[in-house]
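Two complexes come next, and they have one chain in common, chain A, joined by chain B in the first and chain C in the second.
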Partner chain A sequence: MKAGKKGPLAPWLFLGPYLVLTGIFFIYPFLNSIWLSFHQTNGPRSSVYVGLSNFAFVLGDPAFFTAVKNTTIYTIVSVTVQLPLSLGLAMLLNSGKGRVRNVFRLILFSPHLVGQIFVGILFAVIFTPRYGLFNIGLQELIAWGLEERWLANPSLVMPALIVVSMWMYVGFNMIYFLAALQNVDQGLLDAARVDGASSWQTFWHVTLPQIKPVAIFVVVMSTIGSYQLFELPYALLGGNGPNNSGLTIVGYLYSTAFETGDLGTGAAIGWLLALIIFVISTIQIKIARVE
Partner chain B sequence: MNTIHIFLLILAGIYFALRWGLPRGEQKATVYLRYLLLSMAAALILSPFVWLVCAVFKDKDVLMQYTFLPPLSQWSLDTINLDNFVALFSGEDTVEGKVYFWEYVINSLFLASASTTISLFFASMGGYALAKYQFNGRKAIMAFMVGSMMFPGMLFLAPVYKMIFSFGWMDTYLALLVPGACSVFGMFLFRQALMGVPDSLIEAARIDGANELYIYLRIVMPLVRPMTGAFCLITFLGNWNSFIGPQVFIQTQSKLPLPVVLNQYIGVYTQQYGVFLAGTLIAIIPPAVLFFSLQKEFVAGLTSGAVKG
Partner chain C sequence: MNYPYGKAAFLLLLIAIVSGSAHTYFSLGRQVERPDLVMAIFAPNHEEAYREVLGEFEREHGVKVQLQLVSQRALQSRLQSSLLTGADVPDLVELIGGSMGYFSRGPLEDVGFVDMTDRLHQEGIYSRMVESRFSLWSSRGRIFALPHDLHPVALCYRRDLIKELGIDVSSLKTWADFVAMGQSVVRDMDGDGNPDRYALDAPLNNTAINILLLQRGQQLFNENGEVVFDTELTAQTIAWYINQTFGAKRIGYEAGWGQGLTKAMNDGLVLFYFCPDWRTKQFEMDMPNQKGQLALMPLPAWEAGGRRTSSWGGTGLAITKASRKQDLAWKLAKFLYIKKEDLSSRFEGTNIIPPLKEAWEMPAFDKPDPFYGGQAIGRLYTDLAKETPPSYVSPYSNLAGTKLTEVFLDGVEYIKSRGEEGLEESILNNLKVKADYVREVLNRNVFLRKTKVGGS
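Here is the complex of A and B:
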C-alpha cells in the first residue's frame, strides 16, 4: 500500500532535479556522443562529418588492441583470482566472533578508502627497485624480486598493476560476500553437517547456491568496474607505461580525447567500450541464469 | 622491515583473536589456522600504510636507507624530522605566483562537501518520490534509471566537455558540481531505505495539515539517518578521490583539488619522494576519520542493495 494519493504534482516536483539534470547531462550528451562519434573534431569548437572513419581508425590502431588486451587480462584476473580470494577471506571472517570480525573487516576494507590516484602515487614508490617495500618484502619471502623494475619493465607492468588492485579491492568485495554469508540459513548448514556432509560438500551444495545472487552481482560489477580502469595505472605509471604496457581502454580514450584533442574519436572509443561491457555482462548474466 | 616484524604482527593478531574471538565448539587447530591466515592478510594490507607513515617522517637522505623507521640508536634530527611537511607547506612558485598546499586541501574539502550536500538533497528527494508516491510513469522512470547505469561514465566525458565549454563553465567549479549533482545510485539507496517508513505516519501528518515538503524534510528524512550517513560518506569519498573531472575541466593551479596536484607532484619532486608522500598521507586522513566514525552505516549502505535485491 502506498500512501501517496495526494496530488499528482508532488512526486514530479521531488523528481524535478533528477529529471532536469538527467535531461541536460545524460540524454543530451548520450545523443551527442552518437553524433560526435561520426565527426572529426579539433578541440571543442570545429567539427566535420567523417562517417565511420573514427571507428575505422580505432579498430585499425594497434594501441587500441593493446588496450583491450591489457584491460581484458586485468578483468579476467580480477574475477578469477581476486574474487575467490575475497570469498575465502569472507568465509574465514564469517565464523569469527563479532568484535574480531569487525576489526578484521575494517582492516581488510581500509585500502578502498584511498582513491586510485593516491594508491597509484603510494605504490609508485613502493615498487622502487632495491629500496621499495614491495621489492624488499618479495625478496624476503621468495628470495627474488629485489632488483626488478616493476614499473619500467613492460612485461612486469601488468603483474604490478594486478598486485596493487588486489591490495585495493580484495577487502571491498569481501564485504559483499560477508554480508551474503551472514544471510545463509544456519539450519540448512546444521542439517548438512548432521547428515555427514564434508565441509567442501556443505560449501558447494548448501552455501554456494544461497550466496549465488550476490556472487553474480559481484562478478558483474567487478567486470564492469575493471573494464573502466584508468586512474590507478595513470598515476602508478605516470601515463600509459613503457610501450603502452599499462594502457587501458579508458586510458586510450583519455589520451585520444583530451591529450590529442580528438573528441570525435574519443566518443567512438566510448561506444566501443560500452559495447564490450554490454556484451560481456549480458553473457555473464545469461550463463548465471542457465546454471 | 624484516621477517621478524611480520612474525610479531601475526603473533599479535593470533593473540588478539584468541583472547576475544574463540567460538565455542570448534577445534582449536581450525581456529588457530583461521586467525593465522586472517592475520597474514591483515599484515599485508596494513604494511603499505605503516610504511607510508614511517616514510613521511624520515629525512630525504635516509628515506630509502631504512625500510620502515631507522633503529632507535640512529634517531636524530638528521634522520627523523618534519622536513617533508615543511617543504610541502612552504608553497610552490607557479606562473600565477605562490600557491600553498593548504589551498588545495581547502579546495578538496569544499568540492567534496558541496557536492555531498547537493546530491544528498536531490537523491533523497528523488528516492522519496519513487518510494512513497503512486503516479503514472514511476515504473518507466525506474526502468530508465536502471538502463542509464549500464553506460560507462567515460562515454559522456567528450560530449559533456563540449557542453561545459559552450556554457562558459571551463575552469569553474560549476563544471564539477552540476553534472553529477543527482546520483541514480543514491536515489535507489534512499528509495530502499524510505520504503521502510510506515505510510500511516505520512497519512497522519497529512491529516494534521502538514505540507509535502514539511513531511519529507521533518518527518521522513530524520527516520533514515543511518542511510543518510552512509550516503554522505560514499559520496564524500567519491568526490574527494575524483580525478578525471578536475584534471579535464580546471586549469588554474590554485583551484585544483588534491588528487590532480599530488599526481603532478610525482613529476615535480622526483628526488624528494617524502614530500608527495606527506601530501598523500594528508589526503588519506579526512576520509579515514569520516569512515571510522560512520563505519557501521557505511557497510550497511554498501550492501543493502546487493543482499536484498
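Here is the complex of A and C:
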C-alpha cells in the first residue's frame, strides 16, 4: 500500500488532530467528570474526597425524583403522542403531490429552524394570562382560559411544555418518517392492494415493517433527546417552574452545578442521567429486535 | 511539486498553518492593546453614566479604562467559569445582588474578589455608606464588593385612576388599610366572571414575599449564613399573601413583566405596583404615555409607625484578585461609587439612590420629576433609604427562594381545597420541612463547615 511506504508515522499524523481534540474535549472531561462525582470542589484549588456522598445525596433528594418523573412524563408523551403525529403527517404528505408536499414539509419543519431559547421566549408571551394569544384563543373558542396561568400553575406547566414541544418537533421527526416512507417498495404496496389488503393492513403489514429501522432510530433519538431536555423549559419558565413542575434532569444538574456551584454533585447527576438513558435505550433496542 | 501525502493533505496543512498563525498574531495584538483596567458591567444605563465620567479618571491618572457591557446572565456565567479555571477576567466587575453567595461558597481565601473590608474601614468609607447594604456583598464578615445602590421599595400607582376612585393614599398607612381599600376596588366590570380591576400587582412566586419579609425584618439567612426563615412571622406573611392572591376577597393579580405589565398598567387592571427606585426608570422608558400620571407612595407598614420600605435587587462593584492593578482598580471604584457630585447627576439618569449618605443632600434628590407628576421621587426614596433593611446572602439563597415559592404554592393548594382554616399552621409546618432541606444541602458544603480542605 502507498501509505505503508511512508512508515508508521503518517497515519498518526493524520489522526493526530482528531485524537488531540477528542482527548481534550471528550476523554479528559469524561474522566474528570468521574473524578468530580466523588469530590466536592470549589475551583481547581480546593477539593475534598467525599466518596459516594454526592450520589447518595442525589438519590435521596426529592427534587431528583421530581426531575426524573417530569422528564419521563415528557418523554412518554414525546414518544407516544408526538411520534405517531409525525408519522401521520408524513403519511399525509407522502400521499400528496410533489409541490404541495414540499410546501407543507417546509411549513411543518420550519418551527425547528428556530432555537429552543427563542421558542421559549415566544411561547412565554403567547401563554401570557389575559393578553396572550393562546389564552385569548381559548376564551374565544371555549369561553375558558383567559386567566389561566400556564407557566405559573404547577398542574398546567407540563401540558404547556408538551404543546410547545409538539409545535417544535412534530415537523422535525416527520422529515425522518417521510424519507423512510419514500423508500418503501412501491411494488409491495401495489401487491398488497391487488391482494385486497385494507389501508390499515397495508400500513401494518407492509409499510411499518419497511420503515421500522427509521422508526427505531427516531424513537431512540427522541427518548435520548427528551431525557436531555433543558433549554426549552428553562427559557419558557425562566427556571424550573413553580414547585419544580418544569424541572428536568438536566435542569436539576444545571441548578446544582452552575447555580449552586456544586460541580461534584452535578457530575454525579450527569452520570445517573447517562445510566438512565443507557438502560432505557438498551431496553428499547432489545424490544425492537425481539419484535 | 511533490506531494508525499496527496494535495488534499497539503492543503489542510496549509489552512491549519495560516489560520493558526493568524489567530496567534491577532491574539498577541489584542494583548498588547489591553488597557490598564477592564471593567465589566451588565446595566446599559450604568454604561451611559460611567462613559460620561471615565474620561476624567483617565486624564487624572494617565491610564486607559475599557468598559465592557455584557448581558447579566452571560457575565455571571462567564465570570464563574473564568474564576474557576483561572482564565482572563476583568479588573472590576459589577455583580447582581445575590450572586456573591455563589462566589463565596468555598473557603474565604478562594473567593475570586479582593477583600475590601480593611480598606473600607481604614479609609472611613464604611461609615459614610448605609452600613446595612454591605450585607449583600459580605461573606463570613468580610466584604467583597462596594454597593452601588440600596433599592428601597415604594408603591407606584396611576394618579388619575386613584383620584377617580376617590382613594386617599395618605390614609393607606398600614397593610390592613391597604387591604380594606383593595377589597372595595376589585371589580368585574364587564360581567365575564373575571375581575377587571385589582389593587396590587402580586407575583405568584417568592418576589413579593421576599419584599414583605424583609420589610418585617425577616431574613432567609442570618449574618452567619444560617437558615432562619422557618418562623411564625414568615408563616403569617405567606398566609397573608395567599389570602390576598387566592383568598375569597383577593386583591392581588400578577401583572407580570414586559408587554403584560405595560398593558395591565395602561388598562388600569392593577392599581398599585411594588416599585424599587430602579423600576421607576423602567416604567418611564416602557410607558412614556403615562408621563405625569404615575406617582409613588411608601409601602404601607405592618403595624402603625412601622417600617415603610423594603429592598429589591442590587448591584455591587468587585475587584478581581487576578487584577494586576488592584490599587488603581480601587481608585476607580471609589471614583465611580463615592463621588457625590457624580452620584447626584447619575441619579438624574437612573433614578437609583446611592448608598453614600452624604450624596443625598445634593439638590438633584429634591428635583421634581415630571414623569411622576412633579413628585420629588429622589427625596421620597432617600427618606425610605434610611430604613432599608439588610439582606444577607448565602450560596443557597436561590434554593431558599425556590423553597419559599414551594411553600407559597402548597399554601395555595391548601386554601383551594380546605379554605383558610389552619392555613398558617400548615405553612409553618411546611416551612420547617423546607428549611431543613436547605440546611441539609448547606451542611453538605464541606468548605462552609470549615473541614480540612485538601489540595488537588
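Criterion: the second predicted complex is superposed on the first by the 269 of 291 C-alpha atoms of A that agree within 3 Å, B and C clash if a C-alpha of one lies under 4 Å from a C-alpha of the other, contacts with A are read in each partner's own complex, and residues count from 1 in each chain.
Just so we're on the same page, contacts are C-beta pairs under 8 Å (C-beta built on N, C-alpha and C of every residue); 3 or more make two chains touch, one makes a residue touch a chain.
Treat the numbers as computed from the prediction; the structure is a model and nothing was measured.
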| item | value |
| --- | --- |
| Room on chain A for both chain B and chain C (clash or fit) | clash |
| Which superposed partner A:A10 touches (first chain B, second chain C, both, neither) | both |
| Chain B versus chain C as contact partner of A:T128, first or second or both or neither | both |
| Partner chain in contact with A:F104 - chain B first, chain C second, else both or neither | first |
| Partner chain in contact with A:W150 - chain B first, chain C second, else both or neither | neither |
| First, second, both or neither for A:N243, with chain B first and chain C second | second |
| Residue contacts with chain A in the superposition, chain B compared against chain C | B |
| First (chain B), second (chain C), both or neither touched by A:N42 | second |
| Chain B versus chain C as contact partner of A:S53, first or second or both or neither | second |
| Partner chain(s) touched by A:F258 [first = chain B, second = chain C, both, neither] | both |
| Partner chain(s) touched by A:S33 [first = chain B, second = chain C, both, neither] | first |
| Clash-bearing segment of chain B relative to chain C, given 1-9, 91-99 or 145-153 | 91-99 |
| Residues of chain A at both interfaces, chain B in one complex, chain C in the other | 6, 10, 14, 17, 44-45, 125, 128, 131, 258 |
| Chain B residues touching chain A - in the complex, by the definition given at the top | 1-3, 16-17, 20-23, 26, 34-35, 37-38, 41-42, 44-49, 51-52, 55, 64-65, 67, 121-122, 125-126, 128-130, 132-136, 138, 141, 148, 150-163, 165-166, 178-182, 184, 187, 199-200, 202-203, 206, 212, 216, 237, 240-244, 248, 259, 262-263, 265-267, 273, 276-277, 280, 283-284, 287-288, 291-292, 295, 299, 302-303, 306-307 |
| Sites on chain A touched by chain C in the complex | 6, 10, 14, 17, 39-50, 53, 57, 125, 128-132, 146-147, 149, 152, 154, 239-240, 242-244, 255, 258-262, 265 |
| Residue ranges of chain C touching chain A (in the complex, touch as defined) | 4-5, 9, 16, 77, 80, 83-86, 102, 105-107, 110, 192, 194, 204-205, 254, 256, 258-260, 263, 269, 395-396, 398-399, 402, 405-406, 409-410, 441, 444-447, 451-456 |
| Touch list for chain A against partner chain B, complex | 1-8, 10-18, 21-22, 24-26, 28-30, 32-33, 36, 44-45, 89, 92-93, 95-97, 99-108, 110-111, 113-118, 120-126, 128, 131, 133, 136-137, 140, 167, 170-171, 175-176, 179-180, 183, 214, 217-218, 224, 227-228, 230-231, 234-235, 238, 250, 253-254, 257-258, 263-264, 266-267, 270-271, 273-274, 277-278, 281 |
